[in-house]
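Shared between the two complexes below is subunit A, which pairs with subunit B and subunit C, respectively.
Moving on to the complex of A and B:
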């Protein structure tokens, strides 16, 4: 057990981690810019300097060393004593803050970072209100670093987090520091723009407003944003993300700390790939077809109608002619609710896993890393919950079909009643499925967008994207990760979980935890979800 | 705050033929066995390029990056870190003014201002006729004769602002008193 004394308080910590990390973990607000737990340590910002007790070179007596030490670069050793609350440390923080603001344009009113800016926070908490600078400030031109990112060099504090990220995590090394000293700037080589699949992270780790996301530029002041903790549905990696919205409009996605899964990062496809969730062409009303006539249906009567029609078809053709297609975009709870609701009516209905969009191979970072030292992986499986749906289908037992078999049997007219869940962000209906859908007598489609399935379907139910749902996804490593909704369902839609719970004749408001409790009776692995731990409050 | 944007998506103009000729590449390769990594040979390689062309062009940087198997941005980083390396064509004579403490106390600022006035250019710029370039440098190691000024490798000591015009107009202002050091002229026996 390693114990060290910080500010006179003894804390238990881990041998070898930076003292700064230990201080942050005990809840201390130690200012720092260049230190990031996911990157190498450079100790260049000098904000986190501390006082440390060392033996006197002559007498060997322990005393406060006259020079300040960078706490990010000093590893924890058992019994060491450090302090961050002395006058010398505070004076250093004050001077550093004055130094960081020498060339800063103080353009917070037009800066996207204002409100979540570490220059603002630290200046307020640790800095002085005045600057002794009398000379004119350097003015650097803005740079277009790449298709998605802008650099406003004036605001930079030269922490070089972005440069280290490009070198160490993305492994593409586009970024560099040009010039030296007070004229140093972040730059890329002309024509070799910052354009790797992880580049959006440099905007997140920039502690100030220097690197800016073009997609979010001038869209919203950050203090208006409210966030929901979600899981990115882009691939099977299952990155923990934060959906930032204001008045039910989503503005951006940011990664959440999730050790072992996505750590601090996320890919650009996930970061900018949520736009479909606010697409105006989404399905937004329940439609029913009787012969040629198309009518809108009311949500209130819908569960009963669906159950009644399934019962009719089952009575007519037998329960073996019923199939339930569960999409790998559904949450585990939703899939279980559909399956149990319809199995109650047709106990031998076949469960089918919907098509799993696949790419050729995983994308591993840093570029060229072997699997052992990969820091980030973009999975080739382009859906979030294949594992979860497979577990549920396996645990519920009974007849199952592969998706190809479902299309084939449907095409032969063997399937009389089917529930098809979609929720794919892209076009997903293939020719075989469209052909099968024509032959199915009673088809319910639960999907985000209109497709070839809508015309033959008797009932079309609009689904919600991940930002409007709650539940849990099981990622490629078998980790069951919960997510919550960030925005209210779009007009005309109803939260999937709520509707499916009504379909399964469970009363009350849909709460994923309560559904999981019910699921855990059959499948104990759904009793516990692995929510990512919180980062220390003052870590960034 | 200026809204000028430098577009880094656009690649610099590229010449048809590589600027690093076979002879130059051969000269750089001589340095490779000296170091554990190819990356470490970047500085001597830059010296070779600058000695030959007078500056390191965008294209030379890219070709160096390919030769040493590193990112072009790393070469860009190193070239701009050292003020000794030029990224654009240099004049025949380079006037270097010290910007360190001793010279600053002795009036290097006014010497630099006078240089700018006489030459009609700013720091790190070259006159239109390609004769002179002006730059500042950290300590020129002649603090005992501050403020000092170099024209190419010739040191002018105790420079007063009123001397600047005479020094610059003197045709022999770059003539060395002693022979030039051969330190960077290549590896011995190469």
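Moving on to the complex of A and C:
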């Protein structure tokens, strides 16, 4: 067990990690810009300097070293003693903040970063309220780095996190530093653009308002935003994300620290791929069809209606003619609720895993990395919960069908009653399925968008996107990760879990934990979910 | 062409490093060999082991001539014993104003540099050496490249040199003219094709340097001393100059002296001798008086006209508040020059050359330039002097604020000028029109 003394307090930590990391983990607010646990150490911002006890070069006696040391570059060794609370350390922090702001335009009122800006925070916490420079400031230009990102070079603190990210994580290396001294600027190499699939992360790791996301530019002041902890449904990697919304309107997605899964990063497809959740063409009312007539249905009686009609069809054709299609976009809880609800009516109903959108191969970063040293992977499986649904289908037992068999049998008219869950962000209904749907006597469709299934369906139920739901997804590595809702369901919709719980005749408000408790009786692995640990409060 | 030690007045001292100045034929391999060249390399490679060479250089206490004065032999012995690949880098970036001693050596005696490189390469078991030459050295590049080509053609470079089984390849890498690439890790990054940003240490280059392999970086002048140590022995070398600063040294002198140039002597002369002795600077031109001297390149700091008794060795400059001997290139400022323009010029240089990596140096140097620029323009304030002293005190490796030592240099130049010429600066400020200062600052803010 490694123990070190920070500010006179003994703390247990891990050998070899940077002292700065140890200090942050003990809850200390040590200012830093260039240090990021996911990037190499450059020790250039000189903000995290500390005092350290060292043996005297001649006498060997332990004493405070005469000069300050960068805590990000100094590894933890058992028994070492450092401090961040001395006058010399504080003076350096004060001086640094003055230096950082010398040529900074102080344009916080029009800066997107204001409110979550480490220049603001550190200046307030460690700096002085005035600058002693009376001379004109240098002005560095604004630049377009690529299709999605802007650079306001004036606000840069030259931490080079973005450059290191492009080199070390994305592996595409578009970014560089040009010019020298105070006129040094971040830039893209001539003829290149910052346009790799992970480029949005440079905006996240920029501690100041230098790198800006064009998609979010001037949309919201960040202090109006409220966040929900979610999981990106874009692929099977299962990146932990934060959905930032104000008044039920989503403005952006940010990655959450999730070691071993997405670490600190997320891809641009996920980052900007949530727009369908607020699409105006989403289904927004329950529709039922009686003969030629189309009617709106009330949510209140819907569970009963669905159960009743399934019971009718089962009674008429037998329970083997019933199929339940579970989408890999459903949460585990939701899938389990549908399956148990309908199996209660038709015990031998077949369970079907909906189509799994696939790409040719995983996209691995840094570019050119073999799977072993990959720092980030965009999965070829373009859905979040294939593992979870397969697990549930397996555990519930009974008859199952593959999706192809379902379409085929349906096309032959063998399936009389079916529940089809969708929830795909893109068009997903193929010809075979549309053909099968025509032949199914009683079809319930639970989906986000109108499709070829809606016309033959007897009941069409609007589903919610991930931002409006709660539950858990099992990612490609088999990790069960919980997610919360960030916004209320859109007008006319109902949270999927709540409706499906009513369908399963479970009373009360839908809570994923309670449902998981019920599931755990059959499937013990659902007893616990793996929520990512919180980053230390002052880490960024 | 730079003038060198007066060949008519060598009664007490025979030039060693500059022995081929004014001898054009020594530039050619034939001429160099005819004058005893490559004997030392042959001796080292055929009669001595690598460790013998290191021991001899260590015993001679050959201190690095690039500025820091670190003993070369000790540097070589830091290399890990179990290394497989070693690189030797020759620092010919010579970017410290107003230094031109490496240039003189490369122009007049390129084969001496190659010989020194071969011996150092043999001692460090390096098979590849890179001569990192500053971009402005166009003529010098061609001279050295020609010498390298000659050496290859004669089998002195390449495989199996002098039948010893040791082989060395030498390449010249031309820099883009950045001051910071004279810092050894900045130089290494630059050779690797990256931006010349000094690396954080540890690991030191001896453990992990060029291409992440053990690397030694030596100055041109340091390496030019090595053949003489091998040829004549460490005791001979120790006999030249005072203890701790042994061996011949090149001194550059520029400014309003009668004979500016590069001179060689032992490190037992004083700054006054360097300026006034007819063998060296020859006194001030046009009856001017010495006001200030930057005796070790501008980054080491300044001494006043009253401090000329400073000895030009490795230990004395610190007693006068300087950072060190530096490159031993003295630039003289005469009494007709306003010290404000001097400090402005110094600050301008460092603000232009700061690499931009560490905050204090990047922002501090440009701030100091802005302040000194205003001072020189009659718009200074008294508090600017305190601020300059404070800002320069907050920079550099010594208080721990930077990755490399170059910001110490930027700080020392300003710090010592403020300290030693404060009364003059205050007088200048007192003569200003306070209303004009006020109006000018209001326009800015």
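What we mean here is this: the second predicted complex is superposed on the first by the 539 of 540 C-alpha atoms of A that agree within 3 Å, B and C clash if a C-alpha of one lies under 4 Å from a C-alpha of the other, contacts with A are read in each partner's own complex, and residues count from 1 in each chain.
Just so it is clear, contacts are C-beta pairs under 8 Å (C-beta built on N, C-alpha and C of every residue); 3 or more make two chains touch, one makes a residue touch a chain.
All of these numbers come straight from a predicted model, not from anything done at the bench.
Asker: Once the two structures are overlaid on subunit A, check if subunit B and subunit C clash or fit side by side.
Answerer: Here subunit B and subunit C cannot both sit on subunit A without a clash.
Asker: Between subunit B and subunit C, whom does A:169 touch in the aligned arrangement: first, second, both, or neither?
Answerer: neither
Asker: Of the partners subunit B and subunit C, which touch A:437 in the superposed model: first, second, both, neither?
Answerer: Neither partner.
Asker: Quick one: is A:142 in contact with subunit B, with subunit C, with both, or with neither? Answer first, second, both or neither.
Answerer: After superposition on chain A, A:142 lies in contact with subunit B alone.
Asker: Based on the superposed arrangement, let me know which partner A:302 touches: subunit B (first), subunit C (second), both, or neither?
Answerer: In the superposition, A:302 touches no partner, neither subunit B nor subunit C.
Asker: When the two structures are overlaid on chain A, which partner does A:253 contact: first (subunit B), second (subunit C), both, or neither?
Answerer: neither
Asker: Contact-wise, after the overlay, does A:352 reach subunit B, subunit C, both or neither (first, second, both, neither)?
Answerer: A:352 contacts neither subunit B nor subunit C.
Asker: Given the touch rule stated above, what does A:22 touch, subunit B (first), subunit C (second), both, or neither?
Answerer: neither
Asker: Contacts for A:46 in the overlay, against subunit B (first) and subunit C (second): which applies, first, second, both or neither?
Answerer: second
Asker: Applying the document's definition of touch, where does A:179 land relative to subunit B and subunit C: first, second, both, or neither?
Answerer: both
Asker: Going by the clash criterion at the top, which of the stretches 2-10, 110-118 or 182-190 from subunit B hits subunit C after superposition?
Answerer: It is 182-190; the other listed stretches have no clashes.
Asker: Need the overlap of the two footprints on subunit A, from subunit B and from subunit C, as residue ranges.
Answerer: In subunit A, residues 176-177, 179-180 are touched by subunit B and also by subunit C.
Asker: Which residues, counting only subunit A, touch subunit B once they are in their complex?
Answerer: 105, 107, 139, 141-147, 150, 154, 172-180, 187-194
Asker: For the complex, give me every residue of subunit A touching subunit C.
Answerer: Residues 41-47, 49, 67-70, 73, 92, 95-96, 99-100, 102-103, 132-136, 138, 157-158, 176-177, 179-184 of subunit A touch subunit C in their complex.
Asker: Hey, which residues of subunit C end up touching subunit A in the complex?
Answerer: Interface residues on the subunit C side: 178, 180, 195, 197, 200, 351-360, 362-367, 370-371, 373-374, 381, 387, 394, 397-403, 441, 444-445.
Asker: Show which residues of subunit B lie in contact with subunit A when the two form their complex.
Answerer: Its residues touching subunit A are 1-12, 58, 61-62, 71-77, 80-83.
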